[in-house]
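There are structures below to look over.
After this come two complexes, each holding chain A, first together with chain B and then together with chain C.
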Partner chain A sequence: MSLLSRTYSIFSILGYYASTFITYLIDSIILLLVAAVAIILTIYFFRKYMARVQLRIGPNRVGKYGTLQLIADALKLMGKESILPRLRDDLPYKVAPILVFTGLMIAFSLLPYGSFFWIGDVFISNSGVGIILLFAVLAIMPIGELLAGISSHNKYSLTGALRSVAKDISFEVPMMISVLAIVVMASARTPESLNIASVVSSEILPYGILQPLGLFVFYIGMIARASYSPFDMGESESELVSGYSTEYSGMRFGLFYVGMFGTILLGSFIVSLFYLGGYNGPYQWNLGLIYLLIKAVVVIVISFTVWLTMPRIRIDKFVNLGWKYLFPISVINLILAGFLTLYLGW
Partner chain B sequence: MEVKEPGRKIPLVGSLEGIMTVFKHSLMKPVTVQYPEEKEYTPDRFRFRIFLKLDDCVGCTLCEQVCPNKSIKMETVKRENPRNKRMIYPDVNFGTCTVCRNCEEICPTDAIYLTHVFETSRTKNSFLYSPEELSKPEDEVVK
Partner chain C sequence: MVAMSDWVELNIGPHHPSTHGVLRLKARVEGEMVREVEPVIGYLHRNAEKLCENTFFCDNIIYFDRMDYVGAPGMEVGYLEAAEKLLGVFPPERAVWIRTIMAELSRIASHLIWLAAFGLELGMLTPFFYCFDLRESILTIFVEASGSRLLTNYCSIGGVYQDFNEKITDEVEKFVQDAPKKVEEINSLFIKNDIFISRNKGIGVLDKNVAIEYGVTGHMLRASGVEYDVRKAEPYLAYSKVNFEIPTSTKGDNLARYLVRIEEIRQSIKIISQSIKKLPEGPFFNPKAKKSMMIRLRGDGEVYARTESSKGEFGVYIVGDGGVKPYRVRVRSPSLRNLSVMRELGRNVMIADLVSILGTTDLVFGEIDR
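Let's turn to the complex of A and B:
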């Protein structure tokens, strides 16, 4: 049983089409709510963790231990006036934050989350080409950032957007090649090597152990995708006021902010699914979700530590890093994966 | 003097060291003291607020003379005290007081003395304490 089939069995009186529609609608709403809460928790955790690293206490006034601080912030952002630049390009300006947020949420709906006691398998979509779909959807978000930068009619926004595009171009290729290495390995073990769930269940030994180079490249790629320090060229707080989101205020800015932390959360889910064994483990029919969450939290802690440690690197250095180091490393990793699969049969 | 050249390190090792340092800091105790709820530790000999025993003061004006930044002025208070015929008592402006404790040392009758009370924030635009206010505990002073 899965979450989908349980919801379907509740509404099955309504006939096939209506019940399917309602099932997917309700499950999508549940996913939206859960993802929003998870992102809020991620932001809260980041603020607490950053405070502890800097020997502070962090948010502690609203609610017990400051747990309601993020909800208060969200309410504040919703209540704020949205100040629009006069010479903006209206439609792209308003579409951009929605595009970023929607891309993120669709990407969340494509992942399998393992199974949990009574609920069963937690997934919304179990596509046969889930990996391609996932990275295609992830490629929507940079378009939103580019649109935001161009339509704001502001030199800082434009520079930030161009930097973020240069960054995206230079890390996407190595990242996709390291994903390809996973597909190569999975294709020897499962007939559906593009389905995320079957890729994860084919990990007898986590792919991170078999392909440490791939894990390295992919993790750097996910850092750059979420665009936090050391790869926050799109924002470049100290040089360009706030990068592509300079001219945004109110909830539109909030959507960009949520998009960034949501990408960190999503990236840690993807890394733990593809490279750290995902929801595999003892009693995984009951505890799979818990395993996945534990791995994701560990990856999130590592990500935040990296964020708080590194200074931003220059854009030309990052492009160098992408094309001169990450790209060859990922190709070597692909060759090694093919060798391991074909000759050693791992 | 020989300048030591920094040796070439293996790539990423320095970054990993930095990451480990940051992670170790997250396990330390925060240094923040959440002031109104929890008070910071003050040493035994910490002194700030000046108190005055009106009955002991003889009005000798020594404290006024010894005060280095003229924070103390003598003030007339209509009050029956056989030891203080001129009826003058010191007032203290805490806005300029540097807590040098000269007044406490020079006082012949130990009428003026300092305590560890330090929460003297007020909404009035003056830190001047009249002799009556100096003799009251901090809670009863109109702020």
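Let's turn to the complex of A and C:
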């Protein structure tokens, strides 16, 4: 049972409207808290890992081993004045960071996280068209970036936003086609091939082994979605100061920052769910969540290593990469997946 | 020529993450393409040349420290080449070799800063710290020799501030042993990366003739195919007695400049390893320039001396009127000439490439603005 229906059954005594309202309120708060803790752990892990790679120690002053550093940083960001540019377009300027963050949070609520001992299956909602919904929600984030870039009325921001958009349209199509290949393959094994949970459950052999090309395209897409090096043209610190988020400060900037690390976390979950077998593991002892987390951490470590060693690719080269390489590869992958499913029944 | 209405004037600098301090680039951009670029300098002007006129010959060294502050001993050597010729006080053999070692160490230190910043400009975070790790071992030697990490004020008229003791020579020998491996490690982070190659190959090509016309020197000239290095062309210090090569390339692009610089680091290590073996015994300063005598040194006439600093040909012109202070001091800054060619290089390139081209020119603003 999903978290939503569990909470609803507790409050159903209050009648339909009241219980629905309370259910969504409580579940949003739970989601926000859990996601915040997870993202903070990701950032902490990133900073420690980056420090180790770069012959440094990393945060070690606030709390034991610097564990409270991120809390301190978050408090600092909240306490800071949010400096607003005078020539901004007020509404889009203020909505943009919220859009980025909200899109991310909704995406988190759509994923199944496997089972965990006595709690049973951990997920918030189980939509029948989860895959479509997930990528539709993820497509909101670039709109936030574009709005931020345009409404700041800053040349750096505008260039950064345009780069972001150029980047998004060139990797999202191949990425969606490689997801389609998964749906094709899952359709032979489960009647609900658009439901994320049933796709993952049908994954006896991880789809990453059956579709290495798809994994390749999708992983590059996820890196580009989270926009870190080598695909951080939208922010590109040394060229455009910080791209679309140049004019943001305080917690509004914090939302962009959290959005970036949240996307890395989300991306690693999605990659491990779709391609690495997700919460399936050798023993069926309700350990799904643990398996998923292990796989996600492995993906995160690979992502961070890529981040720390790669220089930034130029935007025109990335557009080339997207349309001339990733797109044909993903189409070939789709054809192969259809062939395997139809004729070999894999 | 682009119609005026299509331009957007983008200010890169004076405070911008990639402009090495205080350069301002007025770029006329059309979308992602930079059509024209105009460097604006002068934000770090400190009047160093004028200040030199009011100070004793022996004290002027500190102003030269603050010119190319990432490799200060190299600048001191440049000034002293001129000042000692004017004053007629020459350093003994041991001081010459010590200065050679310090100048080469400062060249490596400066090149490492450049490499670190160049990595950051391309979006690589990690090599930055590896470069600083290696640079740290050079700074340890500087501290041991002069008591200061950055602005050493080590060389003085007629010698050096302090003799190389056992500890310093040990440190230098250790550096010579460790450095080649570390340099190769850092180099492999760059050169084995396809994105790095694609970002730099064929970008910012500087033609040989253009380079000569603009008076470009140093690695930029050598990468464009001119084998010119003051250390070979007009040897000073002990460079005629050591064995080294001038790295050149005919490509003239970013990658060539990068490779030339990496090879320069290797050659500098080679020079240091030879110098530390050949370091003769003897006094480390000229008795004519004892501390009590130093401010009484008088210079008359004009001299011009040039040295190969880490950025290129560094020239110092001093006029003396027979007094204890110089009448006029003028500096030929290599970075300024290397920057002036940005107008040619920054035509019809992408914004991302403009930043990487600027990275390979290696500017230090202490020296350009003085």
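Simple rule for what comes next: the second predicted complex is superposed on the first by the 319 of 346 C-alpha atoms of A that agree within 3 Å, B and C clash if a C-alpha of one lies under 4 Å from a C-alpha of the other, contacts with A are read in each partner's own complex, and residues count from 1 in each chain.
Just so we're on the same page, a residue touches a chain if its C-beta (ideal position, glycine included) is under 8 Å from a C-beta of that chain, and two chains touch if they have at least 3 such contacts.
Remember, it's a predicted structure, so these values are computed and weren't measured experimentally.
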*Based on the superposed arrangement, let me know which partner A:S229 touches: chain B (first), chain C (second), both, or neither?*
second
*asked:* One more residue to check, A:D316. First (chain B), second (chain C), both or neither?
replied: second
*Return first, second, both or neither, reflecting whether A:L55 touches chain B, chain C, both chains, or no partner chain.*
both
*Between chain B (first) and chain C (second), which does A:I26 come into contact with in this model arrangement: first, second, both, or neither?*
neither
*Of chain B and chain C, which one touches more residues of chain A?*
C
*Does chain B (first) or chain C (second) touch A:I294, or do both, or does neither?*
neither
*Which holds for A:K155: it touches chain B only (first), chain C only (second), both, or neither?*
second
_After the superposition on A, what does A:V306 contact: first (chain B), second (chain C), both or neither?_
first
_Residues of chain A that lie at the interface with chain B and also at the interface with chain C_ = 53-56, 308-310
*Please give the residue numbers of chain A that touch chain C in the complex, ascending.*
50, 53-56, 155-156, 159, 162-163, 229-230, 232-233, 236-241, 307-317
*For the complex, which residues does chain C have touching chain A?*
8, 10, 16-18, 29, 31-32, 119-126, 128-130, 133, 189, 193, 195-196, 198-199, 350-353, 355
*Quick one: which bits of chain A touch chain B in the complex? Just the residue numbers, please.*
49, 51-57, 60, 305-306, 308-310
*Sites on chain B touched by chain A in the complex*: 15, 18-19, 21-23, 25-32, 34
